[in-house]
Each structure stands twice: as C-alpha cells, then as structure tokens.
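Next come two complexes built around chain A: one with chain B, the other with chain C.
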Partner chain A sequence: MEAPPVTMMPVTGGTINMMEYLLQGSVLDQSLESLLHRLRGLCDNMEPETFLDHEMVFLLKGQQASPFVLRARRSMDKTGMPWHLRYLGQPEIGDKNRHALVRNCVDIATSENLTDFLVEMGFRMDHEFVAKGHVFRKGIMKIVVYKIFRILMPGNTESIEPLSLSYLVELSVVAPAGQDMVSDDMRNFAEQLKPLVHLEKIDPKRLM
Partner chain B sequence: MVAQSADLAQPLLKNLQLVVPMTEVPCVHQWMVLANITHIGDPPGFCQLVDFPLDLITWTLTWPKFWNLLLGFALDLREEKQLEVTLEALISQVADLKNSLVSFIYKLENEYDRLTWPSVLDSFALLSGQLNTLNKVLKHEKTPLLRNQVIIPLVLSPDRDEEIMRQTEGRVPVFSHEVVPDHLRTKPDPEVEEQEKQLITDAARISPDVAQKQIQSLNKMCSNLLEKISKEERESESGGLRQNKQTFNPTDTNALVAAVAFGKGLSNRRPPGSGGPVQSGQPGTGPIIAGASGMQQVQISGAPTPQQPMLAGVQMSQASQPGKMPSGIKTNIKSASMHPYQR
Partner chain C sequence: MSGVSAVRISIESACEKQVQEVGLDGSETYLQPLSMSQNLARLAQRIDFSQGSGSEEDEPGPGGRDWTSPGDAEDEEGLVKFQPSLWPWDSVRNSLRSALTETCVLYDVLGILKDKKFMTLDPVVQDPPPPKQNPQFLQLISKKKSLAGAAQILLKGAERLSKSVAENQENKRQRDFNSELLRLRQHWKLRKVGDKILGDLSYRSAGSLFPHHGTFEVIKNTDIDLDKKIPEDYCPLDVQIPSDLEGSAYIKVSIQKQAPDIGDLGTVNLFKRPLPKSKPGAPHWQTKLEAAQNVLLCKEIFAQLSREAVQIKSQIPHIVVKNQIISQPFPGLQLSISLCHSSNDKKSQKSASDRQSPEDHLYVLEHNLHQLIREFHKQTLSSTVMPHPASAPFGHKRMKLAGPQAFDKNDINSLQSNEGLLEKIIKQAKHIFLRRRTAQTIDSLASCIEDPQIQAHWSNINDVYESSVKVLITSQGYEQICKSIQLQLNIGVEQIRVVHRDGRVITLSHQEQELQDFLLSQMSQHQVHAVQQLAKVMGWHVLSFSNHVGLGPVESIGNASAITVASPNGDYAISVRNGPESGSKVLVELPRSQCKDLPKSDVLQDGKWNHLRGPFKEVQWNKMEGRNFVYKMELLMAALTPCY
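Here is the complex of A and B:
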C-alpha cells in the first residue's frame, strides 16, 4: 500500500474503511447492443441511465517511490451535479477464494473548484479522459459499460477520439472491508454475462 | 310403498316416490331417518329434496324394510350428487381449457408478427397445466365411473335447434343422425377397433425371446439417434459461438484497463511541454482549463516559489539540478517524472 505524502489520517482513521470489489472486461462495439440487452434483463428494473463524464487524474509526488493519485470526475451531460473526488488504493489480487480485485476506495462529492484546490495543494494533472456509457445496478452491484475517449487537446473535452473499438465493462461493489462474500455474487453475475463478456480480475500492474 | 322394486341391488330412479305408512313410523323414528340421511355427508337441507308424502298410506311396510330402502335410496342419492359435483368440476375445467385455447389461437392469428417464443411457451405451459388438472379430476377417487353412465340420443331431428346452437356457440346447428355418431362417440371406429385387435393378437403370438430382442434393437436405435441429435446440437451451438465469438477482444480489455488504471495511451497524444496551446487559452472551458493551465505553468516556470514548495522540492531532488534550468530540460524532467508511474 502506498503511504500518502501528505497527512491523510482522517480518511482511514475515523471513517469506515470501504473497499471496492472489481471485475473488468470489455465488449466490442458491435456486440454492445446485445450486452446492454442482457444487462437490462439481468439488472434491477430501472430507467436506462447513461453518463458522460470527464475524469482527470492528479498526482502528488512525495519522497516515496510511488506518487499519490487522486481522481477528479465531473459530469458533462448533467448540470448541477457535484464533482467527484476519488482515491483508489493499490489493487490486491488475492487468492482463488476471492473472485474479485479489491482495493481501498474513498469517494467524496466536492464543489467545482476541486481542480484549483488540488493544484494549489501541489497536485498536477497526469492524464484525463472522457468516459461515455451506461450504468446498471443489481442490488449493491454496479455495472458500468463505457467507452474511453482520448482528449486530443488538453482541457478541451470537445475534441475527443475513442481509445479503442471496445467498451470497457466494470462490475463493482463498494463494501466495508472484509466482506469477501460479495465477490461470490459478483462471480455469479459475471457467469451470466458469458460468453458475451468475460469479466475477470485483471491486475493492472501486469499491464504497466 | 315405492314406485320401483324393493330390491336394493337395482339402482333406484331419481324421481322415486316414497309412500310410507304413517302408523308404522313413530315420530322418533321419523327424525332418526332424516338425521341419518343428512349424516352421510350431504349439505344440510339436502334431505328436503326428497319428497316424503308421509301421510299417504298405499302400502304396508315393515320397519326394517323401510329402513333398508331409505338407506339405499340415500346412497344412490349420494352417488348422484357426486356425479353432479364431478360434472360441474369437469365442465369448469373444460371451460378454462377452452378459454386458454381461444386466447392462444387469437394470439397466433392476430399477433403472429410480434409473438415471442417465450410467450408461446407460456401458453403451452398453461394448456398443459390445465390438461393435467382435468386428468386429476377424472382420476379422483370420488369421481364415479363415468363409463357406467350411458347417454342415449332420444330425439334426432333434421331441424335447426336454437338451444343446441346456443350451447355449442354456433358450432352444432342441428342434432341429426349426421352429427350424433361423431359427437356421442365413446369408442374408436369399428375399423380402428379391428386393427387394434389384430395388433394385439400379433403381439400375443411373439415369443418372449423375440420380443426381448426387438426391444433391445429398438432401444439401441433410439440411443443412437439421440446421440446423433445431441452431437448435431452441440456442433451447431459451438458453430454459433464461433460465429459470435468476436464479442470481446482481450487486447482491448487490457488496453482499456490500463487506460483507466494509469492513463496508458491517454497522455501520449499530448506533445511534451505542450503548455503553449493551453496557455493560449480556450475561452469558456471553465475551471478545468484553469486548473490544467495552472499546472502547466508550474511546470514551466520551474523556479521554486513559496506557494509550491512540495512540487518544487520533488522536481529538484529528482533532477538534482538546483538553480537555473533552460526550459527544454524542464520538459525532460516532466516526462521523466511521468515515466515511472506510467511504466
């Protein structure tokens, strides 16, 4: 686990230690419709929800080897929504008994001057992207299917191009630490999406 | 006494009229008789259906004879009642079945263009369930043997019968010699019966050994056929899979995961030291631009300012080049500082 260069004690000390359980996969553009169709059938009956978000990833380098990363996200298609600041810990693959990737996570809603604040603190933006896609829920599980767009001109979210011909599919649950049972539900759900999408625990370190 | 013979083995007619000598039946016993009829399990008041003109004396009857008669009469009534109940149940089941069939046919005829397979299956499931219920009613232990009931056409008429028209919903307009054999048929055609008999005698002629052999060969054929069908099914399934296999691409998965995890492939497009275009300013892009350009400015200005001690310190320790630096080198620092995170 990375230790934050600035004091972050309140985050892990006082509040509940929340963990995000994550499975990832992707679907090709031409199969998106069948996946959405299946998800509509499998998930809770709710209004189809789409999102268009702009995410900026900020780094703070300290004496430690790995930098401290914060993610700022804002909605581009809905006005009046708060910005979303997110801290994600180092993912743990775990053993075979746990069917999902687990990482620490802290989610905070913020005002819109978040970027200024981060920059003032000494963070600098590492990269940014636009995410556009669909959200589904089933109980506490959240399923997002979205396309990642590169931003051609920094800061200009109008000129974007898709990163690939696939949509990223993420199945996640945010739960207090130690609730590994949720990963069983996630595995079961992921089974139902096969063979359309294979949701797996993917170690990002492997892809560095 | 009775309109029919006193022999209890003979079924009694429904409209049997009991004429009992009043003198022979004391008041107490009258009540006993009635109580016993109701005791058999019929609803209260049922015995009132039976017409007892007790004050008429037309026959002499000893008390035990009368008792037996009444008991047989009550049993007969009970059977009749059961038949009635069964018929009612059968009629309601058949009506349900008919309604389901009607709605299914309606669906097939009017919604065939948007009919889905699951909904067809639902209809089938409903029909099969109703047929099962019907069978259960028929096989119920309380159901009297329906084959013992005989229906005889009393009147055949070539004229149009409005009542039958109404009861059959316009399907049978006349009750004539033409339709009766079909509608009241309880046995197969004589020809079919003959063929069946033939088959049964044929079957009886075969020796057990031969029969055993035939059974074995038939079983073998069936299992072979089943195997072929399931093999075919499996192949077509895997063929279908092969056809649809390209629903996802593991390379894309990895690329996308790497992109969200640490921006792989996202910042490559940004030319190194591209503070320029950002600083030139895009009006109306709001706080993001302000933040981004602010960050770039920090990078380029390089000189440690009191406001950013942390970042400046980091840069210096990494570059180990305190003091003045040309801006080109600073660009390198920037990419170098990004590198370890990206890798």
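Here is the complex of A and C:
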C-alpha cells in the first residue's frame, strides 16, 4: 500500500474506508450481443443503460518511487451529472478463499473544474481515454461492459478510435473493508456468465 | 321274425356282432381279430352242444354267422319259414335251445375262467367307444380350448389396451402439468431449488423492502386414484403457500367520533368477506396466489404503518395495539387502521359477523393505502439510478450533487425528508373527514333554514388533499336578481378557505361551528343584499347600506347588516336590519303628513314641512303575506309605491 502524499493520515472509518471487489474479463465484439442478452436476463429489472465517459488519469510524482494516481471521469452523454474523482489503491490478489481482486477505493463527486484544481495541485495528466458501453446492476453488484477508445488529439473527445476489437467486462462491488462475503456472490454471478465470458481476478502487475 | 332275431342279438355278445357290422360299413376299418376268449367261444359253439345232429352241418358256418350277423338272416329265415309249418313252438324251442347252449358255454367259460390257468378275463378293450364319442367330445374340447385361447388373446389385448390408456392418461396428465407450469411461469417468478419448484409471491422485484420471503411451492398433483372419478376442478398443478399467507386479508380504515373503550383496543374483528370467485377460465392456483399476494401486501402496508406510527412524533402519539393503529387527526376524532386477516379457521369467522358492521369503512382510504404502498415501491425502485459516469457508485443523483453544489443543511434535509405512508393517510383522512363534515353542515343548514335557500355544488374531481364546493345563497323565485352571495369553499386538510365572489378570502378552521356561523351570517347578509337588488328592480333608491352595522343589539354571530331604501317619489322609506341571530326587523318611514298621531309642533306651521319625513314604524313582518322575505319585501314596496 502506498501512502497518499497529500495526507499522511490513514483513512479509516465512515464511508471512506471502502474496498472495491473486482472481477475482469473480456469479450470479442461479435459475442457482445449474447453477453448483453444474458446480462439483461440476470440483472435487476431496470432499463438497460448505456454510457459514454471520458476518463483522465492524473499523476502526482512525489518523493516515493511510485506516483500517486487519481482518476477523473465525466459523463459525456448525460448532462448535469457531477464529475467523479476516484482513488484506487494497490490491488490485492489474496488467497483462494477470496474470489475477487480487492483494492482500496475512494469515490468523490466533484464539480467540473476538477482538472484545473488537480493541475494546480501539481498533478499532471498521464493519459486519457473514452469508455463507451453498457452498465447493469444486480443488487450491489455493478456490471460494466465497455470498449476503450483512444483519443487521437489530446483534449478532443470527438476524434477517437477503438483500442481493440473486444469489450472489457468488469464486475465490481464497493463494500466496506472486510466484507469478503460479497466475493462469493460475485463468484456465483460470474459462474452464470460462463462460457460467454470468463471473469477472473487479473493481477495487473503480472501483465506488465 | 325280427323280434326273434332281436332276442338273439341281445343275448349274443354285442361286441362280435358289432364288429362285423362295422366291417361291412366300410368306413370303419376296424375289424378286430378275435380274441382268445372269443375264439374259444366260437369254437365252443362249433362243438356240438345240441342233441340234434342234423343241425351240425348246417350250423358251423352259417350258425356262427347266424349268431353273429343278421346279414345271414336269409338262412335263418329259411329255417323259420320252414319250421312253423312243422311245429308251432319250434321257434320257441330253438330259442330255448340256443339259450341253453349259450348258458352252457357261459358256464364252461366261467368254469375255465375260475381256474385262471388258461383263460383270464380282460376288461373289454375300450377303444371302440372313443372313436365314436371322441369327435364330438374332442370337438367340444377343442372348441372350448380354442375359445379359451381366443378369450385369452382378447383379454391380453384388452389388458394391454387399458394399460396404454392409463399410460396415455398419465402422459397427458404429465403434459397437463407441464403446460400448467408453463402458464404459471408466465405470471409468476419460478425457480428450481433441488427437486422443488419454488415461486416468488413477494413484491420485491417491484421495489418492496418487506422482509417476508413470500415463496410458494409448486406441487405436482398427478398421482391421483385412477379408479375414482376425477373431480371437475382437478388441476395437475397445485401450489402450496406459506401458512401465514393463507386466507384473506384487508386493511380496514375507519373514522370514529368517540374514543372507544380502552378494552376494545386491538380487537378489531373481521366481518366475513366471501373469497373472491375465481374468474372463469383462470386456473384455481391463480386465485390462490393472488389472494396470498394480497395478504402479503396488506401485511406489508400494516408493518410499514406501524413502524411509522412508532417513529413519528406527533402531539398525540399514535397507538399501535395488536392489529390496530389508532391516531387522532382532530380532537374527539379517531382514525383507526387495522389489518384484518381471516385465516380459514372457524374461530375468527365466528367472532366476525356479530359485532362489526361494514358501514364505517373508508374504502377510499383503503384503496389509497394500496396505491401509496405501490408508489412507495416504485420510488424505491426508481430512486437508485444508474451512475454516470459509470465508475461512480450507486446512489441518488441529488445526493451526489450535494457536495459539488455545496448544499446547505436545509437542502440536504429536504432531500431526505419524505412523507411516510401514515402521515399521508392521516392527511387524507383529515381531508375526507373535513369534507364530509362540511357537507353535513351545509346540508343541515339547507334543510332547517328555508328562507334564504342554500345550494351546494360539489366538484366531482378532487385531489386527495383538496376539494372544492360552490355555495350559492338565493331566495326562491328571485334567483335571477339575488345572486349576491356566491362562495367557493376550498376544503383542505386542516382548514377551509372561503373565497368570496369579490375575491375576499376567509380561512376557517376545521371546527364545524365556524363554518356554520359563517354561513348563517352570510345568509343574513343575503337578505339585505336581496333588498338592495330588489330596490333596483323596483325603482327604489338606496339611501344607506351597511354590511356590518355598529348599532343596535350585539349579535353573537357576526354582525347585523342594514339597508334603507326610499320609494321612487321619496315619500316612503323602508329600513331593514337583519342579524344572524336577531332576525330581520323592517321599519317603514311614513311622510309626516300621513302621521295623524304626531303632536302638532308649533315650530313647523308651514305646510311645506309636511314633506319632512316622519317617524319609523315597525312592520309586523310575520303577519305579512308572502312565502319568503324577498317576496314580502316586494309586496311591501309595491304597496308603498303610489300609482300615478
């Protein structure tokens, strides 16, 4: 766990100390429809929604070896929604008893001048992308199926091109720390999506 | 002749004769060689037993034949023909002789037999009878056998048929079960757990947060007794609902004027309500499930109400006792909401009928409660929208905006405060009660006061918290000219707003006396207004007019109003004072000239002073002709108007 450079106090208690449980997978474009169909059947009876988000990743390089990363995200298709600032901690793979990747997470809704504020604070934008896809919900579980688009000209979200021929599938739950039980529910849900998509805990460190 | 031979034949062993006869027959090939004993018998016949020697040559060949076969009868006939001529008893003699022979032979044979050395007696071969009887017997047997065989085949076939029919029925029933299951699946949520099929009765998918699991089990009802008649309402699929959801339930809302005995609390009884008849064509499980779901919903409503009743702090605390919630919307008034659940046991049904009568039901509120809980469901379902951007956590949109838009405490409070079910229903009950009481007040006034007539026009379409009524005060026969008082009463939850025709707004509280007093004062004002209108029509002049007279006796309700009108030529004047309590008082002012009893003043000698107005005289109003005040006034005005 890296310590945030801004405050050296550990974040504990309240709604701050939340953990994100995550399972990831991916599907090719041609099998997207069948996956969405399955998800519509499995998830809560809400109107399926699409989203179009623009995400910017900011870095703050301090004395530490690894930079401090913040993600700023805004909705491009829905107006009047606040920006979303997110801090994600180091993912923990854990043992076999835990069926999902776990990482510390802090979610904050902000106003739209967030980027200016971050730049003022000394953050530097590392990269940005556009995510476009579908979002589902089942209880406290959130399922997002989206494609990542590369932004060709920095700052211009109109000119984009897809990064790959596949969609990223994420099953996530944000819960207070220590509630590993939710990972069982996630595992069960992931089982129901097989063989359309295999959701696994993917260690980003191994991919690097 | 034949008789003779017949006698012979009968004595001769039947076997020998028959054999030869058979042999001649041809069809029977049977010709048995003579057995030893027969041979011996024959030989013994040949041995001369008779004394007559002459017969020895004749007899050996034909003699044997003679005994044995009637075929050689001709020889004998010859003999017979010949003998009678000799001696009439000859035939008898011959017969006796041959009988003797036979007997002797028999005797010898028996003698030989007795030794058992040379001869034994064997049972006569039984073959001959079978060939004769067998065909028939066999035929019978074979027929019987083949019949039995055929019967067996038929039986087997029948058995197989019945088996297949039964199987068919079983299959059909299975198919029926599956099709019923399919129909069930179209209406209800089902899932398979182990080897059971469980269904979901709850409103959870519709947004309910009621913790009752609300599951029912689907039972296959196919193994019924085939022999028994299948009942008409047989259904291969049955459902088992939780025992606490059985029976029927409803929410009862009522408003009572007086507080009941404390002992009666929580003992709201059911009156029996017949179970809803199943719709034609609908399977019986559908009605069963719907009833159970209704019970579940009623329980949820009541649970929600009682939770709120405990949580909400009001001036007079709400009381929750057993299956009843009691609240006091207005002083002296009691709103009771109770959950009536009749399971099918006798006890609850018995106590049901006698005490409660269905009159004090407020069906509108009961219906609204159902509507409110559904709105509540919808709210919980739709309050959590999908997050945008997609990485954001779930939650209310407004709550998320609270930070970036720097909401203050009031804003945040307004986000969270939402009125509960109980508060809403109490408000509705208040409104209903207020409306009802207003109607009663207006009606009672209209019925007991005849003169100014009061009309109420209720609007048909109301809000749950507001309704309006238009009140017109008129005089019979003068509706066209007396339209001064038109009131619009807006009945709210706590108070009644009265809007005058001229735009004045008066707010009355929920006390019925206020409304009554107000209407009484309006009615009294109406009379004076009517006089004013009438004066215009009759050509009289209004000298003065006041809605609120400051003089005279003080009225307990409102103020008296007064008007003075003068006749067209100015000779007469009529003054009317009308108070809500004191009633009307009509005075007529006569010209001085018409007053005989006026003391002659020394000062006013001149004749012109006769045109001065004289004193007022009160009219004995109740002795006036006319059916109502305005009519009387019209008559009075007409009488005081001189005809030119």
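Note that in this section the second predicted complex is superposed on the first by the 199 of 208 C-alpha atoms of A that agree within 3 Å, B and C clash if a C-alpha of one lies under 4 Å from a C-alpha of the other, contacts with A are read in each partner's own complex, and residues count from 1 in each chain.
In this text, a contact is a pair of C-beta atoms (placed from the backbone, for glycine too) under 8 Å apart; a residue touches a chain by one contact, two chains touch by 3 or more.
All values derive from a computational prediction rather than experimental measurement.
Because the two structures share chain A, they can be overlaid on it, and in that overlay chain B clashes with chain C. Once the two complexes are laid over each other on the shared chain, residue contacts for A:137 go to chain C alone; chain B is not touched. By the document's definition of touching, of the two partners only chain B reaches A:26; chain C does not. When the two complexes are overlaid on their common chain A, residue A:119 makes contact with chain B while staying clear of chain C. Of the two partner chains placed by superposition, A:177 touches none, neither chain B nor chain C.
Using the contact criterion defined above for the overlaid structures, shared-chain residue A:93 touches neither chain B nor chain C, since it reaches no partner. By the document's definition of touching, of the two partners only chain B reaches A:202; chain C does not. Using the contact criterion defined above for the overlaid structures, shared-chain residue A:166 touches chain B, although it does not reach chain C. Put simply, more of the residues of chain A are touched by B, taking chain B and chain C as the two choices.
Comparing the listed stretches 170-178, 242-250, 368-376 or 602-610 of chain C against chain B after superposition, the clashing one is 170-178.
Touching of chain A by both chain B and chain C, each in its own complex, is seen for residues 54, 74. Residues of chain C that touch chain A in their complex: 205, 381, 384, 386-394, 397, 400-401, 403-405.
Chain A meets chain B in the complex at residues 5, 24-28, 30-31, 34-35, 54, 56-57, 59-63, 65-67, 74, 112-113, 115-116, 118-120, 122-129, 148, 150-157, 163-166, 168, 195-198, 202, 204, 207-208.
Here chain A touches chain C in the complex through residues 45-46, 49, 51, 53-55, 71, 73-75, 77-78, 81-84, 86, 107-111, 131, 133, 135, 137, 140, 142, 144, 146, 174, going by the rule given at the top. Across the complex, chain B meets chain A through its residues 241, 244-250, 252-267, 269-270, 274, 277-278, 282, 285-296, 298-299, 307-311, 314, 317-318, 337-338, 340-343.
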